[in-house]
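What follows is chain A paired twice: with chain B in the first complex and chain C in the second.
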Partner chain A sequence: MPQLRLTGRGLWITVLIAPPLAFVALFIVYPIVAAFAYAFYDWQGLARGDFVGLANFHHVLFVEPYASWTRNAFTHNIIVFFALMVLQNGVGFILAYALWRELPGARFHRVAVFLPVVLSTIIVGYLWKLFLHPIFGVVNQSLKAVGLPFLAQPWLGQDSTALWALIFANAWHMVGFPTLVFLAGMQRIPTEILDAVRMETESEWVKITKVVWPLVAPSATVVFVLLFVGAFNWFELPYIMAGLDGSPYGSTDVLGLYFYRTAFGNVSAGQQDFGLGSALAVLIFVFIAAVASVITVRLRAREIQI
Partner chain B sequence: MARLSLRGIKKRFRTTDVLHGIDLEIGDREFVVFVGPSGCGKSTLLRLIAGLDPISEGSFFLNGQQMNEVPPSRRGIAMVFQSYALYPHMDVYENMAFGARLMGLSRAEVEARIAEAARMLRLEEYLKRKPRELSGGQRQRVAIARALVRKPEVFLLDEPLSNLDAALRSDVRLEIARLHRQIGGTMIYVTHDQVEAMTLADRIVVMNLGRIEQVGTPRELYETPANTFVATFIGSPKMALIDVTRDGDTIGVAGGGSQKLGRLPAADAEAFKVGVRPDALTLRRGEGEGLAATVVYTEYLGDNAFVYARLADGTQVSVRTAPGETYDPDEKVNLTIAAETAHFFSAADGRRMAA
Partner chain C sequence: MTAASETYYEKRGLIGTLGRDGLIQIILVANTFIMLAPIVIMVFSAFKTNMEIFQSPFSLPDFSNVTNFVKIWTQTNFLRYLLNSFIVTGASMACILTLGTMAAYAIARYEFFGASFILMFFLAGLTLPLKLAIIPLFMLMRDLGILNNQLSLIAVYTAMGLPTTVFIMTGFIRTLPNELEDAARMDGASEARIMWSIMLPLVRPAMVIAGIQNVVPIWNDFFFPLVFIQNDRLKTLPQGLTTFMGEYTTDWGVLFSGLTLSAAPIIIIYIVLSRQFISGMTSGAIK
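Right after this comes the complex of A and B.
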């Protein structure tokens, strides 16, 4: 067995590796393992009680009212994921294509599209909360100004539109990111390949579906996986725009808010419960990790080396 | 049937003029090679014919029909690209089938055409492979096969051999020549390599700085170059241009040597340069009659050798010699020009002068 002699090179390597290893263990590995462990105990406030096995998991999944809260939040996350897949990644792809084809004003729009991404979520959240204000908001004011007052809605105040308003604000904020990733992917396609396609067809549709889309597969993998993770960890924007309860009436409740309320409590939800909260956190983590892995493996398989 | 007619073609990129008015007629089944140094506009001209870039001024007719506004896919033209431009996500079969299907051909017809092209280019075993699993030469053949499947009237080939190694290059060159005989389409081939141009072309179009310098058969270009550009571009090692003074039927080089030439431009003609290819010179050791020169170095090629020597005025010339003879650098030699193979060009503008 080779021995690591603590002299010269070996010593150097040890000295350089030990601190980051300790850091990662203390601040990343330990909290994750600890959260896992918390989920298996009964909690009285901040005091740890007895080991209860899977009781916390059972509680959040199958005991009312937690079960329906969980279902409600999870459903919203799924809606958010698919809606953003279209509004954020789909629109991002189209924007990237338009920018890449150097349509007039491409230079300006490249900056314009990406600018909101740089803004902090807090700012975007408050901005859109103001825009969507039922009386003074610029959205309803504009609708009235162009003679469409019947379209003016209390966007964030009714359960039929609240979640969609948040989704829209998120898409506005983040659409520049998939655009940028797709644009980078498109710019990697050799121009001669595009010339070759042009020799065979003038249909943009054929070009996009048969050549460009397959060749930006690596970009698609990145934005799909990140969107999936983002959609199921969604927290800041609903927290800022709709509050911890996912108001109105839980119509904007998502797993992130629900977990936060359960673990740390709030005025309307009453007591904090670390056990149930940790169980939720573990479930969310396992779900995201499992599905994201499957998506990644599946999408990797269709990537091609250009 | 494919007759191409280029009339006053100009190309401008923003404010830079790239082509300054190209007039050219290309006949049916002709193999035409555009040759010239990089940046001369030959690839640009090819892209205009393909329709990949718009023509700034002038007209392009294909079989009498103006093509300026017709999109590339509707011109009946196929192109083979320098980088092959195969679709990396499609296998060889799909690469060939893609364009054919877009033409609206029946499934049976597509299959028949692919089978034929695959047979002609010996690709049958590779139909299920992706481009990245093929060698450079195989990719090149796929690119040509993809063009063949569309049965175009005109084939455009943009430096198709430049990404291949030297050994493969001559093989593929032969293959392209064979294909042209077999399918008989009109081919336009762009290269900067004059050997490719000489070996493949029915007619060569020599271009420089966005203009056509000369159009002719390889033999015409070699034997009667229209100007000093064509003269030095065609032929390897290249033709030397010697500045001479004239005294009756004797020419002299500044600083050393003179020679009587039996064939010269008219006595009252303007000042001229003498162009000599390596075969037009005879080299003898030591000083003597003829043009004095100093050996620079010798290139041994097995079947013959080229001696590079510098004349008294500094002009470098190359001479073909027997491979067995060796000359040392700095050795004094003298050269005589064979009058019947010498070329004469105007010293003022480089035009060919009759003798």
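Right after this comes the complex of A and C.
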């Protein structure tokens, strides 16, 4: 085994590898390790106080009003995840299947479905906020124009529809991503397999459920896990469309907003607490890491090697 | 594909095939309409007055009426935000591609103790949601004295972009043949010379993929500027947009032209390079 000496070749390798390594160590690994440490201390503003053990965790999980805020935000993240599984990944699978046939115009449709994905969440959030305006927004204007004025709602202003409006905007923004990942998976299915299937069955349904779906399992694993991580990190879209407090009445509050508010304070509450914020960050982090690993292992197990 | 689908069509009969393909076309056309209509309405509204937007939101505007754009050009910091976004994104991309290629080259071309461990170290960074480490990052930037300074953004974006870049570039550099390198070494070229003149020209395709995968999230990022930057003169475009949208809440024409101007650069580049964008942005998810 060649020794890493700081002469000649060893020096050259060190020169190549040390700066990038330093960046990742300083700006990714250190902050994440530090986030865990911060959670065990009491903080006064930007100054670290005493070691308090698990007190911060206990506070955000069991002491009111934090306990109900945590529960409320967590429930919304769960709803967002499952709703987007259907509206984003489910619709993405159907669109991928439609694009896969390569009918005339498929290239154009493929470019169109991915177009919103390249836009900033901030642009998407404001665009839909304007469109969903109760009086002047195009959504309600369209409903009135097609003779369905009773369906017009203050979408973002009432707690029964606000979260769903955000979910819809997110699905519009990101549906192109699972679509094209699934499409790539379908395009890798060998033609021999598809020919063999055609000999056996006429049913499109059997073909999808028994052949295509199992064979795109690697794509499914990736988009499921990415959606899970994304849903529990959700921040920008609710921040823009519903504000830092998850208005109206916390009906759109999610863990990302709640964590940010707790850590950095907001205009109305004003109080910031790095200790409680860090405890929330650690809990979210551990939850995401644990569930994402379980999902990955379970889904990998059903993947088939072609 | 065509031979296979011909036999398929014969078996199904023309009508059944047309029915199914017709359904697929309807789904695709409807979806494309839903995807594009909001963007078209946004661009149309950018050329309208408030009155026109409220009374006829779907009509074609008078494209020569650029009052809204003039307002943005002359009365807001929009150009400054745009320039800041170019600076931050450009500097981050330069750092990511330089440092990422250096690390990937060392890992892929040399055998040394700890190479696979170092690759693992980079890959670990792929899966970690850095947003949750924002409190220590904030303190770190404060201690480094670069809060309210675009260097803080460049540093974080570079670190975030390195894992994917090292991953993509290492895989690609490993596939390059050894012969060229060995011949140059035989001729007495230095290691640095071999890397710069012989190997680097060959890795451009991988650089494009790694570049696109990182440039879009960096250009669009809002979270890190929100925490690190307060000075209006230093804000990036997505962050500046929030300031701007807050100031012009009642002037919808100006709001829509602000959104249109912000979306325009990336939409235009995407339309020109859609193939590269799609493969670049999904490359992390497709193996």
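The definition used in the following text is that the second predicted complex is superposed on the first by the 300 of 306 C-alpha atoms of A that agree within 3 Å, B and C clash if a C-alpha of one lies under 4 Å from a C-alpha of the other, contacts with A are read in each partner's own complex, and residues count from 1 in each chain.
Everything below uses one rule, namely that a residue touches a chain if its C-beta (ideal position, glycine included) is under 8 Å from a C-beta of that chain, and two chains touch if they have at least 3 such contacts.
If you're wondering where the values come from, they're calculated on a predicted model, not measured in any experiment.
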{"item": "Contacts of A:F74 with chain B and chain C, given as first, second, both or neither", "value": "neither"}
{"item": "Partner chain(s) touched by A:F168 [first = chain B, second = chain C, both, neither]", "value": "neither"}
{"item": "Partner chain in contact with A:I193 - chain B first, chain C second, else both or neither", "value": "first"}
{"item": "Which superposed partner A:I304 touches (first chain B, second chain C, both, neither)", "value": "first"}
{"item": "Chain B versus chain C as contact partner of A:V138, first or second or both or neither", "value": "second"}
{"item": "A:T201 touches, of chain B and chain C: first, second, both or neither?", "value": "first"}
{"item": "Which partner, chain B or chain C, touches more chain A residues", "value": "C"}
{"item": "Contacts on chain A seen with chain B and repeated with chain C across the two complexes", "value": "195, 198, 202"}
{"item": "Residue numbers on chain B that touch chain A, as the complex places them", "value": "47, 50-52, 71-74, 77-79, 81-83, 85-89, 98-99, 102, 130, 132, 150"}
{"item": "Residues of chain C touching chain A in the complex", "value": "1, 4, 7-8, 11-12, 20-21, 24-25, 27-29, 31-32, 34-36, 38-39, 41-42, 53-54, 57-58, 95, 99-100, 102-103, 105-107, 110-114, 118, 121-122, 124-125, 127-137, 139-140, 142, 155-156, 158-160, 162-163, 166, 191-192, 216, 219-220, 222-223, 227, 237-239, 241-242, 245, 252, 255-256, 259, 262-263, 266-267, 270-271, 274, 277-278, 281-282, 285-287"}
{"item": "Chain A - residues contacting chain C, complex", "value": "1-4, 9-10, 12-13, 16-17, 19-21, 23-24, 26-32, 34-35, 38, 46, 94-95, 98-99, 101-103, 105-106, 108-123, 126-128, 130-131, 136, 138, 141, 172, 176-177, 180-181, 184-185, 191, 194-195, 198, 202, 204, 218-219, 222-223, 226, 229, 233, 235-236, 240, 256, 259-260, 263-264, 274, 277-278, 281-282, 284-285, 288, 292"}
{"item": "Complex contact set, residues of chain A against chain B", "value": "190, 192-193, 195-196, 198-203, 206, 210-211, 214-215, 217, 304-306"}
